[in-house]
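The data blocks that follow each hold one structure.
Two complexes come next, and they have one chain in common, chain A, joined by chain B in the first and chain C in the second.
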Partner chain A sequence: MTGRRTAQVCLTLGGLIAWAIQFTIIYGVTSTLCGRGWADTALLGMGAVQITILLATLTALAAAAILLIVSLRQERQQRDHPASATDTFLNESGVLINGLSLVVILWHGVPAVILPACA
Partner chain B sequence: MFLWTVPVAGCGGVQSALDPAGGDAWDLYRLTIVMTVGATLIFVFVTALLLYAVFAPPERRAWLGTRRTIVYGGLAFPIVVLSLLLPYGLVVMRDTDVPQPGALQIEVTGEQYWWRVRYPAEGDQAEFSTANELIVPIGRPITVSVTAADVIHSFWIPNLGGKIDMIPGRINRFNFTAERPGLYRGICAEFCGAQHARMAFDVMVLEPTEFEVWRQSQAQPAQEPAIPHLARGRDLFRAGGCGSCHMVRGTEANGQFGPDLTHVGSRRTIGAGQFPNNVGTLAGWIANVQQIKPGAKMPSYGSLTGEDLRAMAGYLESLK
Partner chain C sequence: MNAPELPKSFERQEAELPNPLPRPEGEFEALKKAWKAPRGLSFITAVNNTYVGLWYVGTAFLFFILAGILALIMRVQLAAPESDFVSHDLYNQLFTMHGTVMMFLFAVPAVEAASVYLLPNMQAARDLPFPRLSAYAFWAYFVGGLVFFGTIFVGLSPDGGWFMYPPLTSTKYSPAENADWWLLGIGFIEISAIAGAIEIIVGVMKTRAVGMSLDKLPVYSWAMLVFAVMIVIGFPAIILGTLLLEMERAFDWPFFIAERGGDPLLWQHLFWFFGHPEVYIIFLPATGMVSMIVPAMAQTPLVGYRLVVLALIATGFLSFGLWVHHMFATGLPKMSLSFFSAASTAVAVPSGIQVFAWIATIASGRMRLTTPSLFVIGFLFIFTLGGLTGVMVAMAPFDWQAHDSYFVVAHLHYVLIGGMVFPLFAAIYYWVPVASKRALSERLGRWVFGLMFLGVNVTFLPMHITGLIGMPRRVYTYPVGMGWDALNLVSTIGAFMIAAGVAVFLFDMARNFRFASEDNAGNVWNAGTLEWLPNGNYATRSIPSVVSRDPLWDQPNLPKDVEDGRYYLPGTATGGREALVTSPFDARPQYILQIPGPGWQPVLAAVFTAAFFLLLTVKFVFTSIICGVLAVGCVIWWLWETDPGPVRPPADIGGGIVIPVYVTGPMNHSWWAMIVLMVVSGMVFTCLIFSYLFLWLVNPGAWPPRGVELPQWIWPSLSTVLYVGSAILIARASWLLKGDDRRSPRSVPILIGAAMLLLAGASAIDLRAQWQAGLSPSAHAYGAAVYAILSLQIFFVLTTLIMGLYTIARWLAGKLDSVRRTTFDNSMLFWYYTVGQGLAGLLMIHGFPRLTGGA
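On to the complex of A and B.
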């Protein structure tokens, strides 16, 4: 696979990777802090669980949003300059996957706002 | 008519999440109805579209394959629906099962295949233990602290709230307020072994004054047998070593392994909600427990004579 194609695949799957990292951090940190009884530890005026989820969610949202913007730009460029079937597939998949990842990352962060830590 | 009776047969009664008897249970009931009605409408709509896509003439169904239809119907619509349902479900989860100040504390331990129930001391009221029954006052918040002695069980009173896991070495808490007096049935909602399906308990919601009377009577030690027949039962209970597993407060029977039998005669059922409590079922239980509930920790005492069995069952039944 060429370097361009590798970058294209990474861009297409980037949103999913951001979501997977957010998912792992949220579940791992919440389980550890709640299991060890450290959930009430306050950082910057917030509970350790909430602040971890907030930071992980905002970072993942920012990453997915950037990837979505880049994917949309590529997809728009492709309209002006006809591309191969593979390029078209990867570009359109990138828009779809990064857009959906944005939504799912947001969904994973919502419980931290509504539910108490370790609920 | 017959077909309609099948789905609605479980909508009422002593063990039904569709017949809520408390505020938390009502919130869960409304959530269930919203989810079920919504899912049904969407299912019917999508099925209709599917049939339309299969049977409609090609020129009329062409719009189903357009980009706009896929983006709005296949992406935007599910995202909007799920984005509304997620916070709704989370808010219900947050607002139910909230600990209330002044709640009556009850501790329940799940064991294969029965429920150890302890009412801790409160004010002048002494602590006591019972089994396979939960008696609560109407209108007062209740906090049930649950754990398990052997394997994972799950504590569920469908009419009064959601289920909560009972995990060995961990204490989970379940909060509810009963708002309608009556009899309800709780069950184990996590497969816990061969007799999982026979692990139930009674829940009685009483008026506060009735509850206080019950609580005071439960804190009392067992009464002495009133007649020789019952005294013979007590002696057999003692001689048979039953007291090494069971406690009867006020006697030398101080076992902790099995259910506390101090007031077993006052319970509505025996065998963790399996049989009505009377001399006959008690005698049958003592003689045949391994046939009735194979795998229970208590052995069958089938070698007792009929007379001895009646005396022992009579003694237990007299422990009101």
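On to the complex of A and C.
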């Protein structure tokens, strides 16, 4: 697999990879902080669990948004300069996957606003 | 070697086909001879995907029937209150075996088996890239599965539920060997599934029709690719889980015993990290089948191809964020539960996308109401109902009410029967004309569908109510007057209706299925994909180039031209079996892969592998070890015939394309397989590190526990130096083996030998350091976790040492040089992995407790 193709795959799947990282962090950190009784640490009036979820969610959202913009830009470029069918397919899939990922990532951040950290 | 630059012509409809007519005399005969299946007793050594695939499907179906019979026995027992048709002890074995056999011996093998048969045909490949691996996977499953099932007749079947939760399955509460049968009996079936997954990944990515770029890949191939990747990521968790529980039972290492720092919840995490993706592992191939059947029946291309591919990929990812929804009732923090609740609802979106794509396809074409169509419609109805109750139990508060009740039994059967069994029946009715001289009967097929569809609903719809009014799962009987009597009787009647449907199906198969190698029933549905091309043992006479996703619709002359040998590689370039390897994205021809033919090696290796695990279960340790050694010996015997080298100069496959018959490096198919194997290994290790951290989390202030000293820094430092030194020596040997001049320097085996010594020394020093420090594996979960990491590393080191010896033997036999070096490359990749894992393990064992200061 060439470097260009590897980059294309990362671009196409990037949103879901960002979700996977967000998920691992929010679940791992919540379990650790609650399990060890470290969740009471507060910063700027927010608990450590909430801050972690907020930061992880915003970072993942930003990553997925950037990937979505890049996919859209590439798709637009290909409309002007036709590329191979594989390239077009990968870019269009990237737009769909990164778009869906934005919703999924946001959805996973919602509990932080609603629920207490370790109840 | 690089693939030649090709003209782009094969991306368009070609005016001139790659090979002219008439074809040379004897070309077709040579092709047929190379692919001829063995006769007589040797027939079982056949490795053609068409043979192994059918045996595999047949065996999976046998287990479906056997597990179904177990279900009928349970339904008879539950038909009336206070029944004593079976004892509670046997009932425990029945429900455990029903779940285990259906999930491990039917569902996963059935979809893998179908793909062994279908994938090469659908992609116009001559075979899968590792046909002997498929044969090995099948025989290990066949022998081991039957012996495993046989335990029900002697009262030795596992009885702790299909998910085998400790402490119920720990030695204290399950001292007999029943649980060991599950832990070791399922072990090799997992190996078989992973072998199949590696085959599928490399098969989908590397052996396709020319021009079948990713945008033209059949949806079924996409589904199988996602399926195989999910197995690679998900199955290692259960492999590790079974290893840890068996080590606890055999050696008293307390991973799950709370009094000594263990935690039964660790098992639940490991089990369900595999167990929930498992549901999608069997569902996605079924959706792939449906996405092939619906367009053929509606005679129109699939609507929303890209969206369906997106749905498959998204499901593959999201399904790994669901596992805790099986643990909603374990008391985890609500915040944690909500993440899994979110993923559980999110995963409904891609499933919905697929359902709407099928409905849109049906609406845009003219659907013929054939038996496959009926089963697809039945699937949509039943699966959607199961999906809706799935959204209900995805809500933690509702789940707390319904947990461990018959509501969950109803839900999971709607999902699994709807999502997997109905599509499989649709697939059998749809694809039998590819494998048989006659299609199955449409009239009988309608009876099969009617009985099964009504039967499923009559059986499982009442169970929602039975569950909501309080009947728990897994009870062997119930008292009169609970309000459950009539509902249970109805469910039992329904179960026998399903059985009647399956009996009619078996009658239909006996009457109409006649194995065909060259004279199949043909394209009876006027489908558009390549499995409907005329074929024989050699698959298609020539390898077509395709210009769309439905080539038979868009290239009307394709079947005849392919059969006449006008497309690529119409004969055999090397005189043996070959496959055309294509590039993973654009499907441009890269090289001709010489693939091995029939042989006893995979059959014997499989039998000895199964014997190793099964004999270990009944504590015949010495005999078991002999079988293990014989299994490794058979694998080496099998491998010895592989890596043939460039036996002839590059060959012309037609259309002016000249490609080599041997390549090395990242283009090579076995390089890909090694990378996948490394991912599997990496996932096992990752799950072990997760287990280590989990046990740390539940043992505040005891990591390490009081009285345990960490070994001094000097020992892990020395191990690190040896590991790195070993990798450097292998890198040096690789550098010496560069060039096109077929050189074979003497220093190569010396370097490999020295690297072996360093590798063995590194792991031995670490083991000795822990032992010297007085760490006991059975006193506390800390010691158990440390020794588990060490044990895994020692297993990898031993495997690498065997590979090192094998590579040296190849050099001594003159089968290894700077061109013919695939064996060396594979060993090198595994070597680097083992070194990397060793270093990560050292960092974890010695660094983490110091970092946390024993907290």
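FYI, the second predicted complex is superposed on the first by the 118 of 119 C-alpha atoms of A that agree within 3 Å, B and C clash if a C-alpha of one lies under 4 Å from a C-alpha of the other, contacts with A are read in each partner's own complex, and residues count from 1 in each chain.
Going forward, a residue touches a chain if its C-beta (ideal position, glycine included) is under 8 Å from a C-beta of that chain, and two chains touch if they have at least 3 such contacts.
All values derive from a computational prediction rather than experimental measurement.
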Which superposed partner A:I51 touches (first chain B, second chain C, both, neither): neither
Per-residue touch tally on chain A - higher for chain B or for chain C: C
Touched partner set for A:A85, first chain B, second chain C, both or neither: second
Which of chain B and chain C A:V110 touches, first, second, both or neither: both
Touching partner for A:V70 - first (chain B), second (chain C), both, neither: neither
Touched partner set for A:R36, first chain B, second chain C, both or neither: second
Partner chain(s) touched by A:L13 [first = chain B, second = chain C, both, neither]: second
Touched partner set for A:C118, first chain B, second chain C, both or neither: second
First, second, both or neither for A:I25, with chain B first and chain C second: neither
Interface residues of chain A shared between complexes with chain B and chain C: 96, 100, 103, 107, 110-111, 114-116, 119
Partner chain A, residues of chain B touching it in the complex: 75, 79, 82-83, 86-87, 90-91, 93-94
Parts of chain A lying in touch with chain B, wherever the complex brings them together: 96, 100, 103, 107, 110-111, 114-116, 119
Of all residues in chain C, those that touch chain A in their complex: 11, 213-216, 306-307, 309-310, 313-314, 317-318, 320-321, 332-336, 338-339, 342-343, 345-346, 349-350, 584-586, 666, 697-698, 700, 855
Of chain A, residues touching chain C in the complex: 1, 5, 13, 16, 19-20, 23, 26-27, 30-32, 34-36, 49, 84-86, 88-90, 92-93, 96-97, 100, 103-104, 107-108, 110-112, 114-119
